[in-house]
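One chain, subunit A, links the two complexes that follow: it is found with subunit B in the first and with subunit C in the second.
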Partner chain A sequence: MAWWVVFALLIINKAGGLIYNRTFAPGLQKLDSNDYLILAGTFHGIHAISRSINPAPLAERLPGNRKPPTTGIESLESSHFRLTCFQAPTGVKFLLVTSPEQPNTDVVVRRCYELYGDFVMKNPFYSMEMPIRVEKFDRALGGYLVRP
Partner chain B sequence: MAVPVASPSAEEKTPSYVAIPPAKPFQSTLRYSSNRKTIYDRNLNRTKTTEISLASFAYLFNTLITYHHSKSSSVSEIEHRLNRAGYPIGIKMLDLLLYRQPPRSATRPTRIVELLQFIHGTLWRALFSRSADALEKSTTKNNEYMIIDNEPLVNTYISIPKEMSQLNCAAFVGGIIEGMCDAAGFSTDAVSVHSAGEGDEMWPGKTIFLVRFKESVVEREEAIKASGG
Partner chain C sequence: MAGASVYSFYIFDRHTECIYTKRWTGPQSIPQKSTATNALSNGAVPVSVKRAMKAEDDAKLIFGTIFSLRRMARQLGGKDDQFLSYRTGEYKLHYFETPTELKLVMLTDTRVGNMRTVLYQIWATLYVEYVVKSPLAPTEHPRGVGVANELFEGGLEKFIDSIFTPAQ
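This part shows the complex of A and B:
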């Protein structure tokens, strides 16, 4: 039980800019804000490549010139962490960094998307594509992801 | 020879009133859906099945705030505009809720406390599906009453940025209360809205609606009380 930990959540806007980052577990290695921006930009690029370069044969062509939808990278795993990526239809990406043992990361990341939909998008004082500084979103995420 | 000064006589001729512009012909903006049923075709008494989703309300309210925010230069102006937006709703809600009271036992609120209980209970239940959390009388002034809501429904998804910390978007609800008090014949000086959740761990969104009745209303109330009414 103690190993199931959510380490961090990053939100990347559709242009590849980091609009939110927060860590949830104590005692993590610190990254400075510049590193976070580089990480977000790099991941955005790799994710875009993974969407267009696809070894599997195309299932069927859609009408017109549209490409069949591909999700791009959904998760990255290493011995110490797992990164789950969820891309919303609007192009906003949610990156959830967890311990590899954490189950149901896709459910967790979708719940974060739901909270984003509630507290960020329904907030009249948030301007689109800008860094998220929304008090109730912080509180709701804390209530959901911080383990007492 | 003294030349008469032209300006005073000219001023006399200018009428001291402004003519009221002729009434515009009424043009309905009502749109019909495909089955020709409008919101006006619904039964006024149907309450349980006509609840709307919180998300759609949130987006509509969001747009209202964004609009008034863009037109206002100060926080108090936004609150004033939200108050004005709620006012007509309060006027109509009084009639609608009285109509929805159980037949034969429906009475109008005719005393201050009755009216406030009507707002605290009936109005809150109709709008937000629950009563307000407290109803208090000011200890210092006899024309001030407070309706307290721990977590106003209209503020569910709204976070106020730091530079506007004075703003409370429940001013809209304050306008509804003001409209209802005025329509019931209890004129108010103002219904102001105050955030009281600072440092409150349990209810950070706690909001006080301060209802300030006009002196004449309080005098009338005391006269009724003195006559044993």
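This part shows the complex of A and C:
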């Protein structure tokens, strides 16, 4: 199943800053870290816009006349890759770039969130909203996403 | 595609201007109620004007979104990569760009599959036939002049109806 490829994982904090960025397989353009930072910021903005241009008829109002929450971009397709975005309730976004044929990307990205919870959040030396430099997290992700 | 619905359709020209907008309004009882109460609280702007302003703003936001996503797709996937669509929990946006940088955007239900061929057909069989080949239409369409003619509107309506209503 060589065509199922996970190209990269990006983690964006709730303020739109890139806190983790790793490529697992070649196939994407080579970008320097500055370009990835810009990309993360851009995506953060577009994600917010995509919530406000929702054309679907509004669902029932929540108690207190509040608008029901909208999700923002969940997946994006281009001719070369598919980007799956998972936003955790705390506002952290996980962007998984895969080949367009990769199935069950939402399951894969949730598993990455679990690993983040296990190895980053439970690490007492990690400071919130800062770039993730946790060796165990790297190793766990590598073991999960890199295909032998 | 039984039961699926289309929300709106936009055409942007190469000068980033929205030259055509069409919205299909479904059963929308809840938002209308809320706009009516809003109009009472700040009576300066009538509801119809407000709605038109909202539509114009939406078109600008959609252009900004597709412009950035298109650049992002090129940045990640290489020069020949094309942005195709994105999906949120509520709707799906389909995108098609012609070689002349005319951009066609359609917002639909999330259950709808790939609409690239449909957008291509709208461009090839409707836009080119009825707008580009029209002797009365100008070459450029500032503020949408010459796009929304009778033949194009009718053709688009019929085409979308044929796709989104179940065949009897």
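Throughout what follows, the second predicted complex is superposed on the first by the 144 of 148 C-alpha atoms of A that agree within 3 Å, B and C clash if a C-alpha of one lies under 4 Å from a C-alpha of the other, contacts with A are read in each partner's own complex, and residues count from 1 in each chain.
Note that in this section a residue touches a chain if its C-beta (ideal position, glycine included) is under 8 Å from a C-beta of that chain, and two chains touch if they have at least 3 such contacts.
What you see is a predicted model; the values in this text were computed from it and never measured.
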{"item": "Three-chain arrangement built on subunit A, subunit B and subunit C clash or fit", "value": "fit"}
{"item": "Subunit B versus subunit C as contact partner of A:Val107, first or second or both or neither", "value": "neither"}
{"item": "Partner chain(s) touched by A:Phe137 [first = subunit B, second = subunit C, both, neither]", "value": "first"}
{"item": "Touched partner set for A:Met128, first subunit B, second subunit C, both or neither", "value": "neither"}
{"item": "Partner with the higher number of touched subunit A residues, subunit C or subunit B", "value": "C"}
{"item": "Vertex subunit A angle, Cα centres of subunit C and subunit B, expressed to the nearest 10 degrees", "value": "160"}
{"item": "First, second, both or neither for A:Val146, with subunit B first and subunit C second", "value": "neither"}
{"item": "Touched partner set for A:Ala48, first subunit B, second subunit C, both or neither", "value": "neither"}
{"item": "Touching partner for A:Asp118 - first (subunit B), second (subunit C), both, neither", "value": "first"}
{"item": "Touching partner for A:Ala15 - first (subunit B), second (subunit C), both, neither", "value": "neither"}
{"item": "Shortest CA-CA distance in Å separating subunit B from subunit C in the superposed model", "value": "30"}
{"item": "Doubly contacted subunit A residues - partners subunit C and subunit B", "value": "none"}
{"item": "Complex contacts: residues of subunit A adjacent to subunit B", "value": "118-119, 122-125, 133-137, 139"}
{"item": "Subunit C residues within the subunit A interface of the complex", "value": "7-8, 23, 26-28, 30-31, 34, 58, 61-62, 64-65, 68-69, 72-73, 75-78, 80-91, 93, 107, 109"}
{"item": "Contacting residues of subunit A [partner subunit C, same complex]", "value": "28-29, 31, 35, 39, 42-43, 45-46, 49-58, 60-61, 70-81, 83, 97"}
{"item": "Interface residues, subunit B side, partner subunit A - complex", "value": "55, 58-59, 61-63, 65-66, 69, 157-161, 164, 169, 204"}
